[in-house]
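My questions all concern the structure below.
Each chain gets a letter, A, B, C and D, in the order it is written, and its residues are counted from 1.
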Amino acid sequence: MNSFGRKFRVSIFGESHGTMVGAVIDGCPPGISLSEEDLLPDLARRKSGAKGTTPRREADEPKIVSGVFNGYTTGAPITVIFENSDTRSGDYKNLIVQPRPGHADWVALKKYNGFADYRGGGHFSGRITLGLVAAGAIAKKVTENIDYSTEIIELGGSNDKADYDSVLDEAVRTHNSIGGIVECTVKGCFPGLGDPFFDSVESLISHAVFSIPAVKGIEFGAGFASAKMNGSQNNDNIIDINGTTETNNAGGINGGITNGNPILFRVAVKPTPSISLPQNTINMETGNREDLTIKGRHDACIVLRIPVIIEAVAAIVMADLTLLS
Amino acid sequence: MNSFGRKFRVSIFGESHGTMVGAVIDGCPPGISLSEEDLLPDLARRKSGAKGTTPRREADEPKIVSGVFNGYTTGAPITVIFENSDTRSGDYKNLIVQPRPGHADWVALKKYNGFADYRGGGHFSGRITLGLVAAGAIAKKVTENIDYSTEIIELGGSNDKADYDSVLDEAVRTHNSIGGIVECTVKGCFPGLGDPFFDSVESLISHAVFSIPAVKGIEFGAGFASAKMNGSQNNDNIIDINGTTETNNAGGINGGITNGNPILFRVAVKPTPSISLPQNTINMETGNREDLTIKGRHDACIVLRIPVIIEAVAAIVMADLTLLS
Amino acid sequence: MNSFGRKFRVSIFGESHGTMVGAVIDGCPPGISLSEEDLLPDLARRKSGAKGTTPRREADEPKIVSGVFNGYTTGAPITVIFENSDTRSGDYKNLIVQPRPGHADWVALKKYNGFADYRGGGHFSGRITLGLVAAGAIAKKVTENIDYSTEIIELGGSNDKADYDSVLDEAVRTHNSIGGIVECTVKGCFPGLGDPFFDSVESLISHAVFSIPAVKGIEFGAGFASAKMNGSQNNDNIIDINGTTETNNAGGINGGITNGNPILFRVAVKPTPSISLPQNTINMETGNREDLTIKGRHDACIVLRIPVIIEAVAAIVMADLTLLS
Amino acid sequence: MNSFGRKFRVSIFGESHGTMVGAVIDGCPPGISLSEEDLLPDLARRKSGAKGTTPRREADEPKIVSGVFNGYTTGAPITVIFENSDTRSGDYKNLIVQPRPGHADWVALKKYNGFADYRGGGHFSGRITLGLVAAGAIAKKVTENIDYSTEIIELGGSNDKADYDSVLDEAVRTHNSIGGIVECTVKGCFPGLGDPFFDSVESLISHAVFSIPAVKGIEFGAGFASAKMNGSQNNDNIIDINGTTETNNAGGINGGITNGNPILFRVAVKPTPSISLPQNTINMETGNREDLTIKGRHDACIVLRIPVIIEAVAAIVMADLTLLS
């Protein structure tokens, strides 16, 4: 389903080449100052245009059409819409016959019996994440005490930022794509959020993060590295009664519950499947394997646009947990 | 909260040293042959007793007290309980003053204002996963078409199974603990399960897996390795109209939806925080940092007992998705 | 919260004098023929204009902005919006000082700390039910096997249809308002829908029906009259193996589950609180009781517009139950 | 499904003649004094034994098996169980062939394909409401500020309490059963609870109340009578800034939200379908209509035992709303 959250609940809708995309944000408390301008900084961070991102140009202009009155949230559902404009639907028609490797084309065909909107990825498009970013910007206002930040710590296999530019150049030059790893830090959240077991903070954040297209892994604190440690190395000593720990291998979460130290997690982003190189796929009409060259505009490196989306879904989770506490 | 699932819904309850632990499984279809015996093989796989696991001995004898009649599920909620017997509560009293590093003691104190049952970890205890394993065994019967398997692919930092035994010996000998990585394969599930975005199969599985204590990371298919690949390497070519792919870097999931290839994910398990070595922590009464030596019985390597729990939560997710489809 | 349904999930948003009102319908199966025209008949039944209804004139023109492609539902969320046009916000400003009797003004002030959009009732407005009617029209297409009908069986205290016209005239003439009772019949739904206890069909239908403003009572089958019967009178004899009953005092539901006979329920609708007669209320600034004469346009008899809304929410419930079964 | 509530969540399980019935109450705050004794007064009010109630005698002895430690709630799920003892399963076997009029036998057969536990009504039994009453007693402790009371305002068609005794005698004497109307008053709850539309207080209370077997109608405040009033009669004048109203035709709820005045609702309870008189039903094996005389023990007047159950579900709703606010 397309909604998430128990008390701060986000529903997203729209298709890449439809009339609009957007989000309904239910459960936002009244009295929070909010205007379209508040959403622009995060939307700008998601925008394409930089080297390695799609040449599709959209205004990405948010319109708040409900839930705000005289500059403040009212307590009613907030609806944010983004009209689509720069659409070239002619580019995509062949993909219901030749499903693209690494894309959702084949599963869409099976799941929706051929009725899915295939234009530009339809409802699978990364464009739907506009609604997530808008909801995230609102969630950040709900959790003013919390500071969210992200950093690309690996790009195209390199963890040396000095290489990032040449890595990107190479991907564009070779008509290929690259992935990367994004680290997110959430500072200042109260201890005691989350629950043991099913509503652990890791459960909720991972649930939200895996709703972002192209994400294939997540780890908290020391994560996969902790699997190589001894308990004596991995355990975080508590050094004051506020629960401050010497190390933060737990990533700010024990027993599923925030411990007041920064929440820290890393997200693996796969290379975008849309590449201009010839690939091989099945022809669903003939059953033959065929070469496929993908037309259309796409990102050589979606990683550049994903950090703000990761912050957004983290903020959505923290807003929900904060309001529930 | 302590329940999970939209149509196949599992609720867990109990404390390590309370009267009993258990699970209520709601939404199971009627007419499935079920008895306590059906739960025993998976429960046995979770049991302690092997080298590196806690010397606590529990019968782990399941009693099905509702939802089964004349040997078949009725369609009403199935309740499975496990009475606790081998409890030694005297071992644990000091931990509300000296919260153990890496444990949930400190967050429990904050979240529950000192009212949490601290005996043996209380409701945070791994013992609560008995209910998950029982629910998982039932979920496996609901999804008879699906085959679940797990393998420990790394233990104490080694990925050579020949080393596992000595790695364990070393952990026990040094009164320390070790972690590891478990790989889970889910074969035979129908394509088309799951949804784009919030109810992606990755979202649901990760949500469930992070409800298992000690899990700190998860990756699907190529996972973190995919972040180092080019799109041309990572994309899985589709080789027949049934969606079979040449490689399975996607781990059986595209656009959040099963593609019919095996679902493949790996889980990072941290070393259990309970070690017998002296550690340092805060005294919550005096505010002084103090040495702490943990008494009580515990696992040097919880990884050995976790594979069946991972299968269980995967099965719970697949049962829910299958019944919803 | 503003969403309802487990598998066919409706979220509503908007304010009476905001930019637009609308609904997001998630979980609708793909492949259902759908266009704006399909929504018009039910929307027309809800429209004002007849004697006893508000002189506010809105086009009530639905725009489907997501979830439909080439004339068919896609399986993605369907968003229907209605732009507001005929708004006269000047009419309503005084009501935050003088909360109107029988309205939500006072509770809105308390719950939303003065930030609620008070224009035309804001998010409390009956105008929000446009989204319900649109969602209901779609739900009816999802449940093609089911026939929904409604009848006003009491108006202004009379159960003689011949009186309805004069009753209405009297209400308009005296600047007062009247209520009534609507009976809804749902024919053709499969037996076996719903669950005992919390998800009984009565629970779900009543939940949905009480979300319609002005509803103050509901009864199923013989309802309150059954409280006066003996068991031997009230029990419905089963006369064939398909479960057909001689009488239908149960209103088509036993043990919370549909029995295949028509679902029958009656809904009490209070007189709309907006009347032009002078009333007495509190001045929230001075604390004095004051006379109040309500300006603005309103319905003398909302009952006339409610039958199609009742059908809509019934259809939403039946669609959800049908898809879950 | 068998759970209810967003933050104070109750799950019920069990069968009339199974091992036990019970409830899991999740989301109860820590630090509330709680023991089995606290549950006894409400359980006693539900008990059979009085004239007009079933001769089945059960100890109805609650055991709290999780979630309470040292006399206080811990914040973990509270599980309350009731072991069954006085079961005579031989009484009920014929009802899968001859479904009883007014009972859930026929729908159970259809929904559960013959696998439902038919003994004593199985999971449809009123005995399952033991879990509701236990959960309600806990919910009352969570909402200490609120006072819940109920009154039988009509019995067997009479609203004169002086008649009740003879009405009951007549029902028992004639081997028939009678229904009635119960009025519930909820005093002292904070204004501002609930939401407009789907989570209106009327929606939530009615949802919960219709989960009680035998309930066929509910009305709030003036309810069905308000349908006969003019707006000028029905509107409740607000007489002070705390929202106190002169009348309470709204039953304490405007726009779905509590207004601080007592919540008032009336519930129609049908006569229990179990009567000893000969009835007519279908034989599911032969397809013939046959006479049926029901054996077993049953209540001639379930109304006597229902008030405390109505209070219980009201308290469950108020606890959930209070914790969410």
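Note that a residue touches a chain if its C-beta (ideal position, glycine included) is under 8 Å from a C-beta of that chain, and two chains touch if they have at least 3 such contacts.
Just so it is clear, the model here is predicted, and its values are computed rather than measured.
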Given chain B and chain C, the chains that contact each of them = A, D
Note = Greatest Cα-centre separation from chain A belongs to chain D
Query = Where chain A and chain B touch, do the two copies share over half of their residue numbers, giving same, or under half, giving different?
reply = same
Note = Distance in whole angstrom between the CA centres of chain A and chain B is 26
Remark   = Here the gap between chain A and chain C, centre to centre from mean Cα coordinates and rounded to Å, is 37
Note = Check: chain C positions touching at least 2 other chains come out as 1-3, 7, 12, 76, 111, 123, 196
Query = Of all residues in chain A, which touch chain C in the complex?
reply = 1-3, 7, 9, 11-15, 18-22, 24, 26-27, 30-31, 63, 65-67, 69, 72-79, 111-113, 115-117, 119, 122-123
Key: Touching residues on chain B, where the partner in the complex is chain C   = 6-7, 76, 196, 324
Ask   = In their complex, what parts of chain A are in touch with chain B?
value = 1-4, 12, 99, 101-104, 106-108, 110-111, 123-124, 128, 154, 156-157, 171, 174, 176-181, 191-192, 195-200, 202-204, 206-208, 210-211, 213, 215-224, 226-241, 243, 245, 249-251, 254-260, 268-275, 277, 279-282, 284, 287, 289
